[in-house]
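Each in C-alpha cells, the structures are laid out below.
What follows is a pair of complexes built around subunit A, which joins subunit B in one and subunit C in the other.
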Partner chain A sequence: MNEPRLLAGRDLRSGAETYAEHVSRLGPLPRRGAVLIDLLTASGLTGRGGAAFPVGLKWRGTARAGGSPVIVANGAEGEPHSKKDRLLMSARPHLVLDGAFLAAHVLRSRQVVLYIGEHHQMARAAMERAVAERPPHERDLVRVFSAPARYVAGDSNAAVHAVTAGIALPTTLKPAPALVQNVETLAHVALIARTGHATGTVLVTAAGSVAHPGVLEVDTRSTVASVVASAGGVTEPARAVLLGGYFGAWVDYDRASELQLDPTALKDRGLTLGCGVIGLLASSRCPVCETAGIMRYLAGESSAQCGPCFFGLRALADACSRVANQGANAQDLGRLERWASEVAGRGGCRHPDGAVMFLQSALRTFPSDFAHHSAHTARRTA
Partner chain B sequence: MPNTVLWYTTRGAGAVSMVLLSAVVVLGIIGTVRAQSPRWPLFLTTGLHRNIALTTLVFLVLHIVTAVIDPFTNLGWLAAVVPFSSYYRTLWLGLGVIAFELLVAIVVTSLVRGVLGQKTWRAIHWLTYAAWPIGIAHGLGTGTDVWSAWFMVLTAVCIAAVVGAAGYRFLAGPFDPLTTAHTAFRGSVDRREMP
Partner chain C sequence: MTRAYELRIDRIRCDGRGLCAQLLPELIRLDDWGYPIIAPGPVPEHLRPLAERAVEDCPVLAIALRRMETRKAAGR
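Right after this comes the complex of A and B.
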C-alpha cells in the first residue's frame, strides 16, 4: 500500500509547511517542460474536483488550443461535506503552488489564479503566506480570487467566468483560454513531476456516522470499509454510503464497503469518487428524508439560467418532500422516475444532471423506503 | 394509385402540420407565462414544446416532399425553396415557403442557442408570431380542403387556441419567475470590483 504522500511532513495540526521545509523534504521544483504532459498521461492521474477527467488529456488539449491560458487552482470547495481541499491548502500550500507553477510553465501561461472559497479563511491565509515565500518570478504570476459560497461556483466554467469577468456563473458563451484544476490534482502533479510515477493516493473526507469525521489520505486501492476503519469505525450500524458527495450516488453499505476508491475503477462501475466525500448514513436515519433535504438544497443552488434546471429540480424536490412529509404515494413516486429522465441533459451546465443522478441513485438504493415511507417530520440532512 | 397516395399525403401532412404548429405555439406561450401546477410542472411544457416542434418539421418536410415529387402537380424543387416562384397559386404557395423557412430558422437557432446567445435567439424566436399566421394563410389560400367542414373546424380551433393564448400573454403582462430567481442568484455570485 502507498504511504501518504500529499500530507507527509510535519504534523497537520501544526500549521502550514513553510517553503524551506517543503524544499528540504521534496527538493526544488523540476523544470520538465512538455514531457510532463506525457508523465501525467502515463500516471493515469484524473481530476479530483469531481469529474475525474484525465489530467494529461486536459493539459494536452489546453496546450494545443495555444494562446496564454489562465491557470485556475480550484479551491472553491462548495461541496457541503468536503473538507479535503481546504485542509490541503491550509497544511501543504506549496504543493498546490508547485502544481500551478508547473502548469503555467508547461502551458506558457503568465497568470495563476488561486480560486479559494470565500469562507475558507485559514486556507486563503496559508496560501497567501506561501505565495509571499516564493521567488518573485513565481510570486508575480499569482492572483487570489474569492469563490462565492455557492454550489455552482466550483464548476470549472463558472470558475473561469469568475476570474475573467467577476461573475461565478456557468455560461455557455465561449470561455477564455484556461486550465482549471482542483487543488488536490495540482498537488499530485507536483509529486508526479518529481518522482515520475503516480502518487497512488487520494484525499477523502469521511463524514456522517463515523467516530472521527475528517480528511484522510488513503491508497487508491483501499476500500470504503478501510476508510471507515481509519476514521475510527462507525458510531452505529451503517445503512448506506453517499459516495462522491451530492453529485455522487447512494450505495448500499454492504456493497460499498468492498469497493475500491480508485476513481477510474469506480467510473467503470457507473459510480464516482467525485470530490472524495464518503458520507455514512446510519440505519437509524431516514434515507427518504435525507434525500429530500439534499434535493431541496440542490434545487436552491440552480443558478436559474436554464428553465429545465430551475423548474425541473424544484418540481423534483417538491415531489420528494411530499413523499417525505406526507408519506409515500404512487403518483409522486411515478413522477420522480419520469421527471428525472426529463430533466437530465437539459441545462447549460451539468448541475441538473448531477442532481438527477443523485436522485436516481436514491430511488435505486432505497426502493422500499420510498414505496412505504410514512409521514414524519423531516430530519436534519446528513 | 401512387399518385393519389402522394396527393392525399400532401394534404394530410399539411393539416397535421397546422395542428402541431399551433400546439407548439400554444405550449411556447404557456412556457412564457410560466403556467404550471404540481401535476404538470413547467419543464414538461418546455420539453413537449421542443419535441412537438421537431415533429412538426418532420410533417412539413413530408408535406413539401410529397407535393414536389407528385408528378401530377409538376411543381419542381425551386418552387419549394424560392418564395413566389411557383406557377401554381404563386401567392399562397409562396407564403407556405416563407413560413417553412422561418420555422427552419427558428428551430436551427434554438438548437444552437448556446453558441448564439440568449438575446439573438430570442429575437429570432419572436418570428414565430409571423410564421404561424403566414402558415395559416397558406393553408386557407392553397388548401384543397378549405371548404370541407373538418378542415374549417380544425383551422378555427387552431386559430382560437393560438389567438386565445397570445391574447392572454399580452394582457397578463411580463411575469418571469426565472428572471427574478436568476437576478437574485447572480447578485450572490457577482464579485465584479466596483470602480
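Right after this comes the complex of A and C.
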C-alpha cells in the first residue's frame, strides 16, 4: 500500500510547510514542457474536485484551444462534509502552487488565480504566505479570489465566471479560456512532474458515524471499510455510505465496505468518489429523512437561473419532505421518479444533474424505506 | 450524407414562455413548471421548417438549431 504522499512531511498539526522545507523534501520544481501532459495522461490522474475528468485530456484540450488561459486553482470546497481541500491548502500550500505554476508554464499562461472559499480563512492565509515565499517570477502571476460560500460557486464554469467577470454563478455564455483544476489535483500534478508516475493515493474525508471524522490520505486500492477503520471505526452499526458527497450516491454499507476507492474503478461501476466524502449513515437514522434534508439543502443551493433546476429541485425536495413528514404516498413517490428523470440534464450547469443522481441513488438503495415510510418529524441532517 | 440538426435550449435565457411547445408539439413538451423538454435526437427533415419557426419566434432567443456533432470517438 502506498504511503501518504501529499500529506508527507512535517506533522500536520504544526502548520503549513515552508518553501524551504518543501524544496529540501521534494527538490525544486522540474521545468517540464508539453511532455508533462503525456506524463499526466500516462499516470491516469483524474480530477479530484468531483467530476473525475482525466487531467491529461483536459490539459491537452486547453493547450489546443490556444490563447493564454487563466489557471484557476479551485479551493472553493463548498461541499458540506468535505475538509480535504482546506487541509491541503493549510498544510501543504506549496504543492498546490507547484501544480498551478506547472500548468501556467505548460499552457503558457500568465495568470494563476487561487479560488478559495470565503470561510476557509486558515487555508487562504497559508496560501498567501506561501505565495509570498515564492520567487517574483512566480509570485507575480498569482491573484487570490474569494469563492462565495455557495454550493454552485465551486462549479468550474462558475469559477471561471467569477475570476473573469466577478460573478460566481454558472453561465451559458462562451467561457473565457481557462483551466480549472481542484487544489488536490494540482498537488498530484506537482508530484507526478517530479517522479513521473501516479501518486497512488487520494484524499478523503470520513464523516458521519465514525469515531474520528476527518481527512485521510489513503491508497487508491484501499476499501471503504479500511477508511472507516482508519477513522477509528463506526460508533454504531452502519446502514449505508454516502459515497462522493451530495453529488455522489448512497450505497448499502455491506456493498460499499468492499469497494476500492480508485476513482476510475468506481466510475466503471456507475459510482463516484466525487470530492472524496465518505459519509456513514448509522442504522438508527432514517434514510428518507436524511435524503429529504439533503434535497432541501441542494434545492436551496440552486443559483435560481434555470427554471427546471429552480422549480424542479424545490418540488423534488417538497415531495421528499412530504414523504418524510407525512408518510409514504403513491402520488409523491411517483412524482419523485418522474420529476427526477425530467429535471436531469436541463440546467445551465450540472447542479440539477448531481442533485437528481443523489436522489435516484436514495430511491434505489432504500426502496422499502420510501415505500413504507410512516410519518415522523424530519431530523436535520448532521 | 445529410446534415443532422438538433434543438438546443439556453437554460439560463429560457423563461418558460412555452411558445416553442405550441409551435412544435411533435418535439417539444412542457414540464410541470412550463419549461420545455426536447425530444432527444436529430430534428426530422419534415419538421425542420417548424423548428426554425420555433427558434425565430422565441421571445427571449433561448432556443437554437445546432449541427449535431458527429461522434467518431469509440466507446462513447
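What we mean here is this: the second predicted complex is superposed on the first by the 381 of 382 C-alpha atoms of A that agree within 3 Å, B and C clash if a C-alpha of one lies under 4 Å from a C-alpha of the other, contacts with A are read in each partner's own complex, and residues count from 1 in each chain.
Here is the rule we use: a residue touches a chain if its C-beta (ideal position, glycine included) is under 8 Å from a C-beta of that chain, and two chains touch if they have at least 3 such contacts.
The shown structure was predicted, so the numbers you read here are calculated from the model rather than taken from an experiment.
Subunit B and subunit C, once both complexes are superposed via subunit A, clash.
Touch criterion not met for A:Leu203: it reaches neither subunit B nor subunit C. Once chain A of one complex is fitted onto chain A of the other, the partner contacts of A:Gly347 are limited to subunit C, with no touch recorded for subunit B.
For subunit A, the partner with contacts to more residues, out of subunit B and subunit C, is B.
In the superposition on chain A, A:Leu29 makes contact with neither subunit B nor subunit C. Applying the stated contact rule after C-alpha superposition, one finds that A:Phe311 touches each of subunit B and subunit C. When the two structures are aligned on the shared chain, A:Ala153 is found in touch with subunit B, with no touch to subunit C.
Touch criterion not met for A:Val70: it reaches neither subunit B nor subunit C.
In the superposition on chain A, A:Ala165 contacts subunit B only, with no contact to subunit C. In the superposition on chain A, A:Trp339 makes contact with both subunit B and subunit C.
The intersection of subunit A residues touching subunit B with those touching subunit C, taken from the two complexes, comprises 172, 305, 307-308, 311-312, 315, 339, 342-343, 346, 348. Only residues 145-146, 148, 150, 152-153, 158, 162, 165-169, 172-173, 302-305, 307-308, 310-312, 314-315, 318, 339, 342-343, 346, 348 of subunit A touch subunit B when the two sit together in their complex.
Chain contact summary for the complex, subunit A toward subunit C: residues 170-172, 305-309, 311-312, 315, 339, 342-343, 346-348. Remark: subunit B residues 31, 36, 38, 41-44, 46-47, 113-115, 117, 178, 181-182, 184-186, 188-193 touch subunit A in the complex. For subunit C in complex with subunit A, the residues that touch the partner chain are 9-16, 31-35, 37.
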